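By letter and in written order, the chains are A, B, C and D; residue numbering begins at 1 in each of them.
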């Protein structure tokens, strides 16, 4: 590839721009994964991840792998062949998780959706109430659907499950929300949470995570899906000393330790507020451009990613191509049935106001160059917000 | 941990001392895994790995994960529930692979062994000839048993299978041999090979590999074990363009590209010869010490790792503790039933004569300090060999 | 210092944002500065710097030190105590160079200037014509005055010297112009050029450079100012083999090799055009804001840095403080007699359109927050230019 | 250069093996050298260096440059043209410092020496007593002569000066002793100390240091040698806030901060003891080889470097060539009149027992391959010492 001056703008909704503190941490020499120094590292990152998941009752698991692998881990540790899982067709990643479940031999009831809104607590409650025989063993929800920029209200869904007095396990994917938006594993009564390293955790891809409630850990004892690599049991045993049952991704764990320090230095509430500000600034830009958002429900706006729709008949990927060729910026493509209809702006992880404004400027110029009908003034609207009292973060 | 001056000697048989060229490569900024620059990277590392596996007919798979995961991948892609696999009790890792197979619902016939020698071609041939009904669907062999320092003669085992005219798939673990000892995937007719990043490939842990023959790829079409994360099919489809079906470990792939360059610069035959020299020097040291090797068959000596036995009644881990506390060197522990009976010296990957001699000096001093009865002169014997014509590498 | 999310915007006119390729290069292990590997490195960077200076006739010198040191080197190698040097009061750095000359025991004739324009060829010619006794031994000009954003027309000044048929040496400071703006050492007949690592060369500070014409090298033989560290003679002798007379900054030379590769990959003409575009975009922003530039002569606009004046009675440093506190961006302060009157925007070295727009957005918001009267629309004007045909760089 | 497996053994007496903690520190992004974050860095490293010099009364100066430059700084800040300096011909670097003094216009009285022993307090006292007219303005001594492996007893020389009741300034070069051997700036009454980054401070080359006593600072006020770059006065002024009068080597200062942390973690007394142990082990090896040391006075043995003499008629550089070609180890060459007569083993900075033993093994094998008559057993003797109670460091 030809050399390009300056830093690439990696504004896909993950992998995100890895801060150089983390990159340098990852470049430390690999150590003996069975030695005492490793044990300290392991304990530190496991404890740190519990804070990020906001769990004290549950256990956290760190796998060498991806979030995709941890979708599998969530299912194989808690379910048995033929078990029924309630899932929701709210976007591309929800669909992929469904596919994982099917491949593993689970039954999936896939509730239709419009890919512009999240899972409603009402629909969950209604469906579970119908299931008086408790055939549904798990309800699986994507907290932040990366393909659409839509969140689902996990805390309220928990209450819906409770209202239905249904014993199903509650599985949640926070791959692109963890460490970007508030996620409360214990308080919201989630049983298994799925996450990955390459989004709000500011790491390169290569680690996947589960957080499991005591109920999920109990379920693991009788779950019958075959499992080996993703099995929680040997993890739980060895993690007690900070170790892992097979060779862990030592260097990624160095990066994780550094990222956890950064999150702690900034403070999780500040991290969430920052993401919310940048998301609002991005939406104001989109509104100024006169382009509709991928999310049609304001209460479900994502703080990590904003999908922007281009007018019918135009190709959203043409905007992305200009952004990459002309401005060295990567934007997210439309996935699955949104192919060509939306582009996605990632505004998450290690990020700040001026990088956001550079990003939005790149989008605004690319819209012009790709001849997408729009109003100018998106950057100006975002600046107005960010410099104003509302956007000051004070 | 307290600061210790100088470089740690990481002389376990993996993870190995990652060269700083690789560490710097890993510290490059993460890029869009769906962009054109990534496609070039993906194609380059896939092509490079085919050379390392010495395969042109087969396909190579790179997973975010560990070698353990790729044991699972080898099985789930080629076998069906209840299939019988012929495995051999030659060491700790062979036993762990057996356990994976059992957890996945396979039947394992586990041929007894003494943990001091490898799988014999004769035993394979004899057992397969008995299996006239072709109940055995796969023969699984560890090329270099990391726990014992014993290799199995994979090429000859292939011939034994052929002599028995048995259709079983031939699965081989090269986790600690690949890029250390000659391994010829095509020529030796292996169907699935399993490898990891953290040994001869000089990377941190975090990537696992499979190489699959056309016969294995064909078997994958009818294999019925449930699989999702480890499924070759979507990999094969996306790898054609240099991409992956889920987020790959981009930064580890940077490191892999660099490591492949280094292997190519040195040349695989030179890499193998170097490992053989260092292994021979290590054995001469052990002989001078008067301590027996973990491997009792000279034709099966490992070039990656040497297990050294301490006299009955002494604890090999005491030697390791002195080496770590006093000389900042990590040695490999005895695993499974070798616990306390052997320590293991890793002499693989990014390594040279003087680091080997520092290592052997550390062992010799630790033997003295741990009061293990031995003769001095191990380092001297190794120096004699390395400086002499036989060890000159010329 | 508290952790701040995202990348700092280092928009002072140097040190500049060091690209991570260069940072990684600098992090390579230090080697023996007297060994064969070093000789290759030394020769490569010396040859590469000749291309950057656009000289083949002259010699290039690389010192562990700063540009300030190389001001001294330029003088002590070519002049004798009491020699007269013609210098020009065009800004803060010109004044500092004057001070160096005075401290070393030279006589300086310091031609007055307004710190808003460069050295005029006419004034040089007139003064030299008067000097029929050739008392003036050197004419010293700053190519790009970093404190004002004003360039002097070096090529035309050469012609002026020639018209006056004056034998004075021609000394030029290109600290903030080299590798940003066209500089032609041979063609423009410069005798000694002074440069530093931390501007267009994209390195951290720590290296200083001289380029010397054959006439300057000849002058060095009779120059009588005491010199040791900065002496060209032992450098010239040892540089022939790629070595240095005292320990060189090995790791910075690694970085230099990498930076030279990047400049070559992009191409010097492209590098100059890029800087010109970004400077023009910045001026359009300033014009939209209604704020005057520090440079009043369009033919003398700098491509590296733009000084922007704030209205009388306001403190330019208040803008800088907001930019730093609120947006994590460093802008250049007003130096010397421009203290508080201007702020300076660096737009040089490893840089691109979106980072410039983030920078300009930060300035525009900081102007508002610091209550500096201005028009909005600076960012919009820059986007208009950069996205338009004129600014396309095609 | 061809790729070589494993780490290079950089066993010259500096530059030394830079620890990767320091290399990573250096690779941090460059910041504004006039901003608040820099001020904290500057103050921290200046304070840290005072501890390393063991001075509280004096001032420390950090220059972008080399130790050679700081020889110059020591002289130009304290002396006037024609001043007489008493120097001692004890080795190559003492000679080079003499040359610097001569080039700067000082008179040097150069006391003859044998390059096998240090400056004796007796000779200093005798010469100063003779100088009743106090023509000698400074006494300049190299603490650890890197070319010979000989130290001079700085504390005792101070007492000799005092006994002679002579007002001369006392200048000391600790380039290769600082942070390796005990050096007490205040207690020993040194007026100006000279140091560099690339030895005991574990940094790449590129920084030079002075420590100055109140008496030296007073002398600077009347010293008349021309000076600009190396002038202490503006440094002293700006250092108060943590800043520098011209652009400092920011990234090297990051490295210095990290190196100071490492020294503090280990503890200076432990650092000195470690160097002493490794030097003793090296001497025992040389004794076993039957090769004489470059230093003939046991009380003056260096802890940083050991020069080893080869028998008359043999070329010491032949040993070095074998060590480099065959074992990838750099040893120090014989400098000046020791060319070909000695090779030098650096055993300083970030170093440990096993790396020393690898080094000595490389030397022992190179002696054999270069056919230098010697006894085997050097490594064995060093191991004996290091593993024994005397060498245990406990």
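Convention: a contact is a pair of C-beta atoms (placed from the backbone, for glycine too) under 8 Å apart; a residue touches a chain by one contact, two chains touch by 3 or more.
None of these values were measured; they are calculated from a predicted model.
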Counting C-beta pairs in contact, does A-B beat A-C or the other way around?
A-B
Please identify the chain with the largest separation between its CA centroid and the CA centroid of chain A.
D
Between chain B and chain C, tell me the centre distance in angstrom, where each centre is the average of that chain's C-alpha atoms.
54
Report the inter-chain centroid distance for chain A and chain D in whole angstrom, where each centroid is the mean of the CA atoms.
54
In whole angstrom, how far does the Cα centroid of chain A sit from the Cα centroid of chain B?
35
Averaging over Cα atoms per chain, report the distance between chain A and chain C in Å.
45
Please list all residues of chain B that touch 2 or more other chains.
7, 17, 20, 23-24, 27-29
Name, in rising order, each residue of chain D that touches chain A in their complex.
20, 24, 27-29
If you look only at chain B, which of its residues touch chain D in the complex?
2-7, 9, 17, 19-20, 23, 262, 265-266, 271, 274, 326-329, 350-359, 361-362, 364-365, 368-369, 376-377, 379-380, 383, 386-387, 392
Tell me, which parts of chain C touch chain D in their complex?
1, 7-8, 10, 12, 14-18, 23-24, 26-37, 40, 63-69, 72, 99-100, 103-105, 196, 198, 204-206, 225-231, 246-252, 324, 330, 333
